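There are structures below to look over.
You will see two complexes here that share subunit A, one where it goes with subunit B and one where it goes with subunit C.
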Partner chain A sequence: MSAMLELSDVEVRYGRLVALRGLSLEVHKGEVVCLIGPNGAGKSTAMAAIAGGVPRVAGSIRLNGQELPARKPEQIARLGLSLVPEGRHVFGTLTVEENLRVGGFLRGNARESAAALERVAGYFPRLKERWTSPAGRLSGGEQQMLSIGRALMTNPRLVMVDEPSLGLAPLIVDAVYEILLELREREGLTLLINEQSSHRILRFADRIYVIRNGTIQLHGTAEALRDGEAIKAAYFGFKGTGANANVVEGAKA
Partner chain B sequence: MFIRTALRGLITPLLLILGVAVITFLGVLGGDQVQTSLTEMLIRMVVVVGMWIFVGNSGVISFGHVGFMCIGGYAAAWATVDPNWKSIMLTGLPDFLQNGQYPFPYAVIGGAVLAAVVAIVLGAAIMRLSGIAASIATFAFLMIVNSVYSNWDSVTGGTSSIIGIPTVVGPWVAFAFAAGAILLAYAFKSSRFGLMLRATREDEVAAKASAINVFRVRLAAFVLSAGVVGVGGALWAHFLGVLTADSFYLSLSFITLSMLVVGGLGSLTGAVVGVVVVTIVVEVLRALEGGIALGKATLSLPPGSQEIGLGLVLALIMIFRPSGLTRGREFRLPWLQSRAGVVVSNTAPATGE
Partner chain C sequence: MINFLQNLIDALSLGSLYALVALGIGLLFGILRLVNFAHGDFITIGAYSLILPSASVTATMVIGSWHWEALIPMVCVIVIIVAMATDILVFRPLRRSSAPTLMIASFAVSYMIQNGVLMIYGARPKAVNLWSALTTQINFYGLREPVLQLVTIATTIVLMVGLSLFLKRSRWGIQMRAAAEDFRMAQYLGVRGNFVIGLAFAVSGILAAAVSLLFLAQTGALSNVMGVPLALFAFVAVVVGGMGSLPGAVVGGFLVGIVTTMLQAYLPPDLRVFRDAFTFTFVIIVLLVRPAGLIPSRSIVERV
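Entry: the complex of A and B
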């Protein structure tokens, strides 16, 4: 089975700092894949590289077998790959409705875009209540929902969510994840999610990659990593392996 | 419901135009001097509303728009000035301008088109920059325009002015153009391009993730904006009857930008209100500089009070209302607001808090 999204040996540098050193991972259609790792591990850089936000020095990123253009975020969004950036990037002075409509522009067709707006509003009753308020006045959770809703408006096949739990109360985080899973069921989405904490992820994800120092340290199914020991070892850099997990040595997967 | 929605969409520009119409009507009743100030104000409104199309929606401050006014003004003057005069003073013009003379509407269109064409070329180069880098580049553009127009003797007359431009622009003509500019600016703001551009102003990362080509929407607004400002220049030429490149330089840039800032960059209402308020402040100070009679004594402010006063107003606005008098909001009638949000929250059970 070929992967929907496939990264092989991707290297990204910020000046002399190597942010990703030969990162490889794949996401299959319909999966929820989580990328977890500590601050500065390269999670956000990986997503930015996929979305075309940062240039890559080496490696390839393919969507359905087709190489993605580097540094062309708006073209990549058109290919059905949508990024929900870290830290709830909403258009602050624009209303909730306008925020969503901006996402729908690439559908090109007004009627289709209106239908999508209706559907997204259905998923997020909280947003519907705040329809005409400026997005900047929403609560953190509502902004995160709006950010996801806007990504949904672009008619994506794969949605990347960068740290959806950042700065949110645990109850709200659960609500965000419930919605993400509902979207996978009902919209047939494939999800790639970045997180710092692992226990919630174990409940939601199909497969998990642990990233540290710009490479994948460990990957496996959520099932196999359930006990959490292997994740802990990979996350903090201890030696040791989980029972069925696939611990990666060096750069090669 | 549909009529209500349509009305809600148009209510802001219509109210603004109505307000400006009332001011124009009152001004026309005044004497010559009032009418002159009024016309000047309305032409500046065209310019400032034109600037707002780009600056307000993109959030990129442009110091260069007065350069487009200069380009539009000269282009219009080339078209309407008497060919006999041109054959003596402006020998470097292309044939159709050198020997022809065209009516005012053509001159306005010509001014708009030339300004827009220059904006395409300039914009293609600098719209990739953002923030302060873009602003400085626009300032450099203003300086280039000024140097070229002050020195290209055979085409612009250099430092000697172009004279004999037919003065066909009075208060009502200027009003008509101001109203047109307001409608156009509002239509742009509400259009999909306008919405995309405002999205890039708020958050470039999220805009790109929503497949917006930041460069393209900025460039489109820049060109439209330059065209409208070019019209403002053409009106200016046909109001004064005389053109000098130096009148389109720092002080006019400062005054038009302060109009935008005083009113509030975030809304079209801000641009319109800013023009009116700054004009009133400047006119009052000008009158005080001229001196007013109090019984037998004449009270007058020292020369230069105008600039200082305007600076003071600007400083006060920055301190107390940093987002301008309108705080970035449009002028609306409250009872025409959408009630959808309120209705939903009344009926929906309060869950999930």
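Entry: the complex of A and C
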């Protein structure tokens, strides 16, 4: 089976800093794939490279077998790939409704985007209540929902969510994941999710990649990695398992 | 009392011109982080577009002699083309440059336009008579005001309401505001960045064209640097109002216009030559009290 999204040997630099060094990963249609890694591992950079936000110096990124243009985020959005960035990035002075509508304009067809607005509102009753408030006034959880809803407005096939749990209370995080899984069921979405820790992810993901220092250290099905020891080792960057996992080499990164 | 009202209308009229210029500068700043000093020179071009291009001392009206219903759209089209061409030729290649680089580039454009006009039209200022009917005074309970002042204020109100409806209601306006707040995020959602920026230049062109005509009708004189003081005062207005905030640009524009006119009217005669020094002192005081301007833009506060 060929992958929906395929990265091979992607390299990204910020000036002299190499943020991704030969990153390769695949996401298949209908999967929930999770990328986990410590601070500075390159998770957000990987998503930005896929979405066309940062240039890559080497490697290829394909969607359904087609090479994605580098640095053309507005074109990539039209190919059915949508990003929910780290820190949500809602348009704070625009209302909830306007935020969502921004996501719908690429459809071109006004009737279609009105229908999408209706449907998205249906998934997020809480947003419906705050419809005309500036998005900047929403709580963190509401902003995360808005950011996801806004991504949905672009009619994506693949949604990338960068650290959905960032800064949210555990109960809210559960709600966010529930809605993501519901969207996967009902909208037939494929999901790529970044997280810093694996403990919740193992329940939701089909497959997991562990990234550190800009490369994939480990990957496998959530099933196979269930006990967490292999993940810990890859995450912190030593071969041994278990016992001295809190000698945190990864903290330097 | 009558005297004061008359001064107030003059102040509002000058303030509206500054507000229109400030809106044009503020709009581009909001989206691009560009402080476009060439905006004043767009105004110059709008004014010169009325006459035959020649170095002769007397101006020969061409477009300027058209009926206003044809004249206004034509001048708008010309200034829009200049504004959008500036974007495509100068600012688009500099998209990823820093704000100071963009500002310096705008100075370069400004000088190029000023010297281009100098080359084509000659160095001497030219007298031009645009819409002289508007300078007739109307008498309203002893209040004597040229119609032009009222037309200026009314035009400004119409343009401000129009711009605000455009930004609030239209799909392009909403995308423009989204891009102004978080350009990269807007692109991730499929907003076409270059198109939205081009559109912002076009809107700033319309605002500049309006100022060209109103200002020229008032002063009756063309000069290759006529737009410079307008851009300078409007820039001050943008800073006073709060960089990146459009309501701030309007408030700042009116404030600077009102302060200038009132100082002109009420300063003792020997001090009037120092009017602008007083205006700028006032500006400095405002900025000491409110460093981010009167109506700070939230999006910028969040960005920093």
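Keep in mind that, in the parts below, the second predicted complex is superposed on the first by the 239 of 253 C-alpha atoms of A that agree within 3 Å, B and C clash if a C-alpha of one lies under 4 Å from a C-alpha of the other, contacts with A are read in each partner's own complex, and residues count from 1 in each chain.
Here, a contact is a pair of C-beta atoms (placed from the backbone, for glycine too) under 8 Å apart; a residue touches a chain by one contact, two chains touch by 3 or more.
Since the model is a prediction, treat every value here as computed from it, not as a measurement.
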Side-by-side fit of subunit B and subunit C on subunit A, or clash: clash
Subunit B versus subunit C as contact partner of A:T154, first or second or both or neither: both
Partner chain in contact with A:R101 - subunit B first, subunit C second, else both or neither: both
Partner chain in contact with A:E129 - subunit B first, subunit C second, else both or neither: first
Partner chain(s) touched by A:A175 [first = subunit B, second = subunit C, both, neither]: first
First (subunit B), second (subunit C), both or neither touched by A:A51: both
Subunit B versus subunit C as contact partner of A:K232, first or second or both or neither: neither
Partner chain in contact with A:G92 - subunit B first, subunit C second, else both or neither: both
Subunit B versus subunit C, judged by how many residues of subunit A each one touches: B
Subunit B/subunit C common contact set on subunit A: 51, 53, 73-74, 77-78, 82-83, 85, 89, 91-94, 98-99, 101-103, 105-106, 150-151, 153-154
Complex interface listing, subunit A residues touching subunit C: 51-53, 73-74, 77-78, 82-83, 85, 89, 91-94, 98-99, 101-103, 105-106, 136, 150-151, 153-154
Subunit B-facing residues of subunit A, complex: 51, 53, 73-75, 77-78, 82-85, 89-94, 98-99, 101-103, 105-106, 125-126, 128-133, 147, 150-151, 153-154, 175
Touching residues (chain side subunit C, partner subunit A) in the complex: 171, 174-175, 177-178, 181-182, 184-193, 298-299, 302
Subunit B residues touching subunit A - in the complex, by the definition given at the top: 192, 195-196, 198-199, 202-203, 205-214, 266, 328, 337-338, 340-341, 344-345, 348, 352
